[in-house]
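All chains are identified by letter, namely A, B, C and D, in their written order; residue positions are counted from 1 within each chain.
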Amino acid sequence: MPIRFKINDVAVEAKPGEGLLDVARRNGFSIPSLCHLESVPAIGACRICLVEVRRGRRSKLTTSCNYEVLDGIEVSTDSPEIRRHRAMNLELLLARAPSSEAIRKLAAQYGVSQPRFGPIKYNPLPNCILCELCVRACTELGHHALTTVGRGDRKRIGLPFNKPADTCVGCGACASVCPTHCIPMTDTLTKRAIWGQKHDFVRCSECGAPVITKKHRDHAIATKGLPEDYYDVCQSCKQIATSQRFAAIVW
Amino acid sequence: MTAAKTIDPKRIDRVLARHPQGKPTALVNLLHDLQAEFRYLPELAMEKAASYLNVPNGQLFRVATFYESFHLKPRGKHIATVCTGTACHVRGAPKLTDHISREFEIPVGGTTKNMELTLETVNCVGACALGPLLILDGEYHGNMSPAKLDRTLKTIKRG
Amino acid sequence: MTSPFKNAAELEKHQKQLQGQKQLPSTIAVCTSGCVAYGANRLVDAFTKAVKSRKIGDQVRIIATGCQGFCERGPLVVVHPQEWFYEKVDGKDINDILDSALKGKVLKRLLHKDAKGKTYQKESEVPFYRNQKRLLLAQNSRIDPCSIDDYLRAGGYAALAKALTKMAPEEVIEQITASGLRGRGGGGFPAGVKWKSCRAAASKNGVRYIICNADEGDPGAFMDRALIEGNPHSVIEGMIIGAWAVGHPGKPQGFVYIRNEYPLAVERLGIALEQARAAGLLGKNILGSGLNFDIQVNRGGGAFVCGESTALMASIEGDVGRPRAKHIHTVEVGLNGKPSNLNNVETWANVPLIIDHGVKWFTKIGTGDVSDNPWGGSKGTKIFALVGKVKNTGLVEVPMGATLREIIYDIGGGIRDGKKFKAVQTGGPSGGCLPESKLDVPVDFDTLVQEGSMMGSGGMIVMDEDTCMVDVAKYFVGFLKFESCGNCTSCRDGLIRLHELLEDITTGRGSEATIQLIEDLAETVRASSLCALGTSAVNPLQSTLRYFRDEYLAHVQDQRCPAKVCKELITFTIDAKKCNGCTLCAKRCPQDTIEGKKKKPYTIIQDNCIKCGICMDVCQQDAVIVQ
Amino acid sequence: MSANPASKSQPVSALPPLSGKPMRQVGSTGPLVLLPNRCTGCRTCELACAFAHSEDGNLGLSRIRIHPAGPDRYVQVTCLQCVNAACVQVCPTQALVRNADTGAICHDENRCVGCGLCETACPFGHMHFAVEMRKPVKCDLCGGRPACAMFCPHEALEWR
């Protein structure tokens, strides 16, 4: 039985257990958010995806990412009140991540250009907004190489036991998902440096370009079953090879 | 800091054996017991606990750092805990922490260089009627004042 | 205890036997809860030793009890059966007390004296106790918490026997619902309604969790500690009845999540659980009813947020106490994804009373409906930890609806040191501060919320004119920014910023714009945080802004702290007329910044003064002035 | 997923013949047919694709590439939307999903965590992981109106 409810007076359908934000996005409603991906558990960290949900006579503000849809609810994705609280939360986040382009842009949409708060005092990873997407992605991928440390005003993103984790494969997903691009990762031809360790790259047998870290390759072979020679050649060289095969077929 | 004594893995195993293997439910209880054994949580003990309970290192470390009860560094011979509950606060607990900090030159949570004293705070031990309260090595001292503190901490070596 | 009770009849027989047994002529009950801070443990040891050496073990029984309540006057000793109430008992008094007990003559010098010099013999006559209604705490100064027989003799587990043999689970739920019992943990949700939904919730394998929240994290509250330390079996009995009502026939499993900062409570709870198992009151086929139920103890790790039900469950699951959204209630999807019924210690302790004495008896106590919510007012009693600047600090139990004035003045004896009342803070860090004009407000779940505070779990902190309300707000915000799990931007960063802004005000850097920003930000923290910690975190702030705005304004407009608390806004000086040059202050000044000549007035060199106030504390001439 | 999902993906040598016949029969519309013998190497398709997928027409984000294959010979390469696609198989978060209408394997930004495994997995080199965006770029058939085919002046790309 599908769940039927309304977003901004438009009737929508969803499967039981789906998150409100996912359903809204699928139906073309844009709700801003900084900490949500469908593929990781929703935790409602950034508080930007606030919406108003009316259920019977009761109405309340809630984040939509971690709201499981229910029959008959009436959702409103915008109102002066919603905008006011989104703006304040964005102001808090902008003060935390002043050099993040994504947050600056979003904050500007809500009329916030300069936060009224100074730099955050405890700030071991500049521009990190503690959305935990990195931790959740790493956990979802089964690596468990990142975690949150501490709580409250001393909460931070860190490594288990404060030392580089053996289980880190250097895939870089943490850096990819970070909405403020605050996780330092540097690649050279031979190595990727991330979270205090250096991972050796598999080098392309044709051109020598880095393909994937060796540990990531080993992990993928073990879990995804692709043969080892899949990882020998880089994307560009594979594409050239493909074009040559096409040519051979055509001419 | 005095050289950290090497941790005997057998001591860790003995504590682990008191808890069901592979059950994360036991995690916080187990950490308490490990800390009771070593007075803090040595890294080796945490790593062994993680594999014993079958939880990722990250989860164990997250838990160990989230809860205020757990200490990841060796603590002093004596532990002075100032209650900073509301009742103690309005009766002057901040003066106690300030005083010990100043006298022993350690911040809250810190340990003197000679490993004699660690200063900690706790959010209420439920003896609010007797505030402000100092707990020295588990013993409660009620109605404290900076002047009384000096007497209570008299035997502890500075430095 | 010889063998486990197979059925209710065996339990009743044993109970009758105990009640028929001749008691020793005298029982001396020593409080070993909060009173240990006064050396009560040494007192018990000394008593025990004296009884042994005097070979009077056949005449006097020494018991170490839980909190007897009147903490201000500890260590407390009550001599039964006469109920003689002795206060501030010292090691030196032991033999006198024993002598008087043997002779049956009261020891006058240790009796309680009121301000007018009138003495009181019996515990129940002392004004502090006389104005209370002690139901849950009734046994606290009578029974040995480590003796199940003491509990049984006092009629314990009779309610369990009644529920398991004479009442269907649904009937128990009906009774609890009809009693109007509301959650004592602070939320005030009707227990019966919760139980019913939990029983109705689908569980594939029949597992339902019965959880007791004993993570009493509110600083300034210790009623749960007192109940578990003083009468642990009452809580256990409540939980077993709950397991029957909510989880039978199925697989109910019990958890007590208890603060590790209460080592004595953890120990006594453990002992009581062992005793209950040995008596067949926990385990398989309890009293022949078919109910299988046991209780596991999980210790907390010192995180205030774990008092929140979903955070508590996450903690039991072995993770950090991060609350989750409760759009789907924990009675349906709770611990390990199973239906979970969580109640607070005091709520569980009420259950046997209701089953035992009946709904009618219970509903006579408390208030009628005072709000438009459908929960039928606030019934029964509530225990408060009355602390702060009040004369008689301690644990008090009053019927719901007693006024703040009754609690603070009639029981608490008013403000200490002749100072003026300023505010009372109820509900812990999430509650609010109420001013003098609200003293006649009845204390019940709904009225307190209307006034901008809340019941919370029952902390009641009295503040006098020397308390700066901005400093109090800063204290609570500071507490919560440290205790926030750190998940939500609005709670984590909001509280960090509110604390900074309050710091600005208390150090004289604030302006009226600061207050405006505080108010705006507080609204967002309330409206957009996930759990109750975040949404109620600004209660102390907003209530002080509502009732004590003038104090905020004094800080920002005149750079003045009216209560003379905020260090940056005060100066210490020595009144040359009063100073007799005794040198005490100069000797004790940690900064060596008090100068002068012996027998001549001293002066404080302001540049180095850190405003620790030690000079003021030590001055016997009251010559140190703070401005 | 089978024990050895790799065996399901198409090896390069087993490619279907290109001449005239449609290469794929997956979606209800399309398919996109590549006709290298008509290609002049003008790279209009690359530009069209770039503009269809980015505001500033960043050529680095073009999902189609022209490779020279000898004098006056050019080959267009773009995603083949394989039946048993390696990229789909390796994606740990199910962020590559086939669109039922177009048959295109589409990258779901709301699911992708950017681990980059898909790029390595594609045996043809059609999956490109844009490092600066930390997201893979791949042909989505423009939701049913492939810009490359629309703009190709020589009808070397056909949307049938």
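The rule we apply is simple: contacts are C-beta pairs under 8 Å (C-beta built on N, C-alpha and C of every residue); 3 or more make two chains touch, one makes a residue touch a chain.
The shown structure was predicted, so the numbers you read here are calculated from the model rather than taken from an experiment.
Engineer: For the interfaces B-C and A-C, which has the higher count of C-beta pairs in contact?
Structural biologist: B-C
Engineer: Measuring between Cα centroids, which chain is at the maximum distance from subunit C?
Structural biologist: Centroid comparison gives D as the farthest chain from subunit C.
Engineer: Determine the centre-to-centre distance between subunit B and subunit C, using the mean Cα coordinates as centres, and give it in whole Å.
Structural biologist: Taking the average C-alpha coordinate of subunit B and of subunit C, the gap between them is 23 Å.
Engineer: Using CA atom averages as chain centres, what separation in Å is found between subunit B and subunit D?
Structural biologist: 59
Engineer: Counting in whole Å, what is the centre-to-centre distance of subunit A and subunit C, each centre being its mean C-alpha position?
Structural biologist: Roughly 43 Å separates the two chain centres.
Engineer: Subunit C to subunit D: how many Å between their CA centres?
Structural biologist: Taking the average C-alpha coordinate of subunit C and of subunit D, the gap between them is 66 Å.
Engineer: So which stretches of subunit B touch two or more other chains?
Structural biologist: 59, 62, 66
Engineer: Can you list the residues of subunit A that touch 2 or more other chains?
Structural biologist: 148, 150-151
Engineer: Residues of subunit D that contact two or more other chains, please.
Structural biologist: Touching at least two other chains: none.
Engineer: If we use the touch criterion from the header, which chain pairs count as touching?
Structural biologist: Applying the touch rule to all chain pairs gives A-B, A-C, A-D, B-C.
Engineer: Can you list the residues on subunit A that touch subunit D in the complex?
Structural biologist: For this pair, the touching residues of subunit A are 22, 25, 36-40, 137, 140-142, 171-173, 175-177, 181, 187, 211-212, 216-217, 220, 224-227, 230-231, 233-247, 249-251.
Engineer: Going by the contact rule set out above, which residues of subunit C touch subunit A in the complex?
Structural biologist: So the residues of subunit C touching subunit A come out as 303, 305, 320, 322, 324-325, 327-328, 480-490, 492-497, 500, 517, 520-521, 523-524, 527-530.
Engineer: Which residues of subunit C touch subunit B once you look at their complex with the stated criterion?
Structural biologist: 33-34, 36-38, 71-72, 74, 216-222, 225-226, 260-262, 297-304, 315-321, 385, 387-389, 393-394, 425, 428-429, 459, 461, 463, 467, 472, 475-476, 479, 483, 485, 588, 590, 612-614, 617-618
Engineer: Enumerate the contact residues on subunit D facing subunit A in the complex.
Structural biologist: 3-6, 12-13, 15, 17-19, 34, 36-37, 65, 67, 69-70, 73, 75, 77, 86, 89-90, 92-95, 108, 110-117, 119-129, 131, 134-135
Engineer: For subunit B, which residues are in contact with subunit C within the complex?
Structural biologist: 23-29, 31-32, 53, 55, 59, 62-63, 66-70, 84-91, 95, 98-99, 102-103, 122-131, 133, 140-142, 145-147
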